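You will see two complexes here that share chain A, one where it goes with chain B and one where it goes with chain C.
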Partner chain A sequence: MTSVDLEVERETAPARSSAAGGLGRRLLRLLGLPVLLILGWWAFSVTSESFYVPTPPRVAQAFVETWFSQRLFDDALPSIARLLAGYALATLIGVGLGVPIGLSVRLRAAAEPVLEFFRAIPPPVLVPLIMLLAGIDNGMKILVIVSGCVWPILLNTVEGVRAIDEVLSDTCRMYKVRGGARLRHLVLRGASPQIMAGLRQALSIAIILMVISEMFASSSGLGFTIVLFQRGFAIPEMWSGILLLGLLGFGLSVLFRQVERRVLSWHWSHRA
Partner chain B sequence: MLEVTGLKKIYETTGREAVGDLSFQLDAGELACVVGPSGCGKTTLLRCVAGLLAPTAGSVRVAGVPVSGPPDNMAVVFQEYGRSLFPWMTVQQNVELPLKEKKLPRARRAELVAESLSAVGLADVPQAYPWQLSGGMQQRVAIARALAYEPQVLLMDEPFAAVDAQTRAELEDLVLRIWQRLGTTTLFITHDIDEAIYLGRRVIVLSASPTVVVEDIKVDLPAERDQLTTRGLQRFAELRGQVYARIQQAKDARPSQDSPIQQVKDAR
Partner chain C sequence: MTGSTPARTKVLYGLMGPACLLAVTEAVPRLGIVDRRFLPPASEILGALAAELRTATLWTALGETMRGWALGLAIAFCAAVAIGVVIDAVPGLRAASHSTVEFLRPIPSVALIPLATLLFGASLGSTLLLVIYASFWQVLIQVMYGVADVDTVADDTARSYGLSPWSRIRHVVWPTALPYIMTGLRLAAAVAFILAITAELVIGSPGLGLEIQTAQSSGAVATTYGLVVLAGFVGIVVNLAVRALERRVLAWHPSVRGEVAS
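This part shows the complex of A and B:
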């Protein structure tokens, strides 16, 4: 809501000159700390003798050379595609199973301890196992991502569905809102704040698992490339890969926030 | 139109008898108020009548048909207006949703939504979201939703318990106006004796839990009610005293061990 207010404020004509100042301040607030960190890194890397600490311009150069090339199509984009595929699949499974479990007391009692157990297993340890079962191709990597992402989505969906307001649920019963309409209008919307919280957790897990899945028995992908650079002492290139991952994570979370703002606009305003 | 016969509800989990042996009838087009001491099983009664809760014994009939689940021709206005409207839907969508489930054609739906919103004085805010409205306006939306549903029986469960006094008076008059116009059989549950007498043509007084009907009073006040003059009538004060005395007696006769909070918890 605040950002909308700000935009409205900026568009009003009389405040134009101060609006320019406001924009400057916003930019400063947004970029101030990153710029400061880069300068700090620069100072550190210039004074440091270490081979492993390249200067920012060197990393930037490596970034352009490495990623604005065939590698973008061979390594970066396939990685991102697997990430999104795994994430989407985990969402389908997590919400698809979470809704019936959340709606049924018995199902919940039977399933919850098991779910908590599976959630407690750190997903990276499943990689060797999944490799044995599913081979080493795309399917394995997507499966690794799914195996980690599905738990926060599933458990949050269960919790969200369980906590749907009883009065609202009674209202649906009184007015014969049943079946698909009930699912759409009551269950999924009512649980959406929790589901979104699960999806947010799952997003960062997905990125981690994307990288890890590519570090095992792989010949392409972002994780593979970073390890390859490290082993070949291509240190600025290795740093540029890490930078790319950071930017990818940042971009996805910004995108996620946009989606969340649309889906949950009622929720924020409701509570404000 | 509405027959409640020998209704009894014992909660299995706690073994507590919330409703004893409760019987009353409403004729078509009647507006009756149910009033009782707090924690007397009003909510349990309403949920049984609405078909949301299965009674242990006895029956509820609407237009001669036994109730086994929420009946098609009944609408409810809940006390918790903030929780009975869909916060992710606009006012219009909230009112329209039950009509869609009734498979009414689009044109008829639009007509009903517009009519019912203007009946409650909210014709100008169909695109607003419930949380953008005051509590009283939200309850008006819930009333509009019930009206648009065109029920034969309307249940109201302490609908104005959570709004301020002035809004409450306005909403009471709104309910009377609508009832006079549509003649819908209405069962209005309240803990407020004044409200019960002001609105009702009949006041059904309940005992403490396990609940029975202790008295069924005909309200012989002029049909045209007015917040100032009606409440100022000598007869109004007499009726008020009569109901109050009955409720006090009911309280003393069978002191309820359970807290009202427990009561509500059980009923959910």
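This part shows the complex of A and C:
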């Protein structure tokens, strides 16, 4: 990614290289297209008679009015808390089960077909099933998130643990590195690039399931509120909810990239 | 793969896992650990699935799901490849579009569910909107990585031999990007299936998801479980099919050639 950016930099740099010009150009590059798109939307919403397309200022106003209020504490934050709780629990279960399965050849051979099957089930169809088993409270929503997120984490952990460098593994045995130290320094470390890849897949699934579990049966939460607006034809408020979910997805992915960079800072792909 | 373990033992273990799963789901409700109104025994689930498979409604629903999946995936794929190539071909466009792509990509497509409901209601259109939005980014990102990976020597050679822009795309850019594009297609196919089912489940577009939703709300528990199992199998078939396509399209590529040889 960075190498690509550098190449573009080189192409455009000789034109003018004063510091102010560079900053202006970078700002233009960063904001040019988004601003154009918003202006395009604005022009469209003003000219078209469509009821479903409010103007950007109207959406911004609805955003401030809707989300900088009690709703933030009643709907948005509990949703995010459930999301994080489910995600953390899925990580614990996924890594906790993935390490022993990855280390044992027989266990892996027995478990793999079952795991592949569970991964292939589209996670949202689990929502009606878990509603049957666990009712419609907070626990059910967290369980839904766990049940969808755990498979990519588990399977990637298994793969990562399986593919640990044999030379490293033998070296550890030679030096009698065992138990907790072996787990921490060899197994988890060696598998961490794969585990992070699984965690990244799981993050987008977690957001999907958070929204869907609230759309199904709930009286609070982001998903519920947005559907409520839509059913009441509160269009600008509905758009503001979509915008909030978008910002949430964007924010979590930025956060994830920071964590990933930190966790994998030792790995070749992240060394400068 | 496992080296010392003979292939037959591996198959044996492979069969043991599903067998254990079946035995546990059979035993748990029969022993009364979980109420069988909430988790019927495995034999009942599979029986209900078999009964469903004999009805025409199920096959129609499955057809609807797969139509939404295939159509949405095809549109997203073509759009993403075209836009990816254009972004690469126009100088400066990659840098200008970077922030927009990075912002739009992580937006969860389920956020569009209310919009889809308003615009299209419970119809194929809703399914398509969600499927296309979700799978478009998967392919686009891979296309953008792929076209950036073009060997400069190959590109310069093509230029000095006077190849037209179109034949440069056809003979230099496309073969380089193809492995990336196939990876994107594989990821997108799985995501598209999830979103097709989701649209049916939540919005109520016709298809397998709607059948599951109907079975659940009418209290046909065994049927609900049976349909979920079916959805899992369809998911596996989708994955295998795309993998087979990938291997076929990339048969000339070293990564696949090596796989076959070893």
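Keep in mind that, in the parts below, the second predicted complex is superposed on the first by the 240 of 272 C-alpha atoms of A that agree within 3 Å, B and C clash if a C-alpha of one lies under 4 Å from a C-alpha of the other, contacts with A are read in each partner's own complex, and residues count from 1 in each chain.
The rule we apply is simple: a residue touches a chain if its C-beta (ideal position, glycine included) is under 8 Å from a C-beta of that chain, and two chains touch if they have at least 3 such contacts.
This is a predicted model, so every value here is computed, not measured.
Model built by superposing both complexes on chain A: chain B and chain C fit together without a clash.
Contacts of A:Leu255 after superposition on the shared chain: neither chain B nor chain C is touched. Of the two partner chains, neither chain B nor chain C is touched by A:Val46. In the superposition on chain A, contact is made by A:Trp266 with chain B only, not with chain C. In the superposition on chain A, A:Leu30 makes contact with chain C only, not with chain B.
Of the two partners chain B and chain C, more residues of chain A are touched by C.
Contacts of A:Pro128 after superposition on the shared chain: chain C is touched, whereas chain B is not. In the overlay built on the shared chain, the residue A:Ile207 is in contact with chain C alone; chain B does not reach it. Minimum Cα separation between chain B and chain C in the superposed model: 5 Å.
According to the touch criterion, chain A has no shared surface contacted by chain B in one complex and chain C in the other. Only residues 4-5, 8, 11-12, 28-34, 37, 52, 105-106, 109-114, 116-129, 131-133, 204, 207-208, 211-212, 215-216, 223, 226-227, 229-230, 235, 238, 241-242, 245-246, 248-250, 252-253 of chain A touch chain C when the two sit together in their complex. Within the complex formed with chain B, the chain A residues making contact are 165-168, 170-171, 173-178, 181, 185-186, 189, 192, 266-267, 269-270.
Contact residues on chain C toward chain A in their complex (touch as defined above): 2, 5, 9-10, 13-14, 16-18, 20-21, 34, 38-39, 91-92, 94-100, 103-115, 117-119, 148, 193-194, 197-198, 201-202, 209, 212-213, 216, 221, 224-225, 227-228, 231-233, 235-236, 238-239.
The touching residues of chain B, counted against chain A in their complex, run 50, 52, 69-70, 72, 74-76, 78, 80, 83-84, 86-89, 97-98, 100-102, 129, 131-132, 145, 149, 268.
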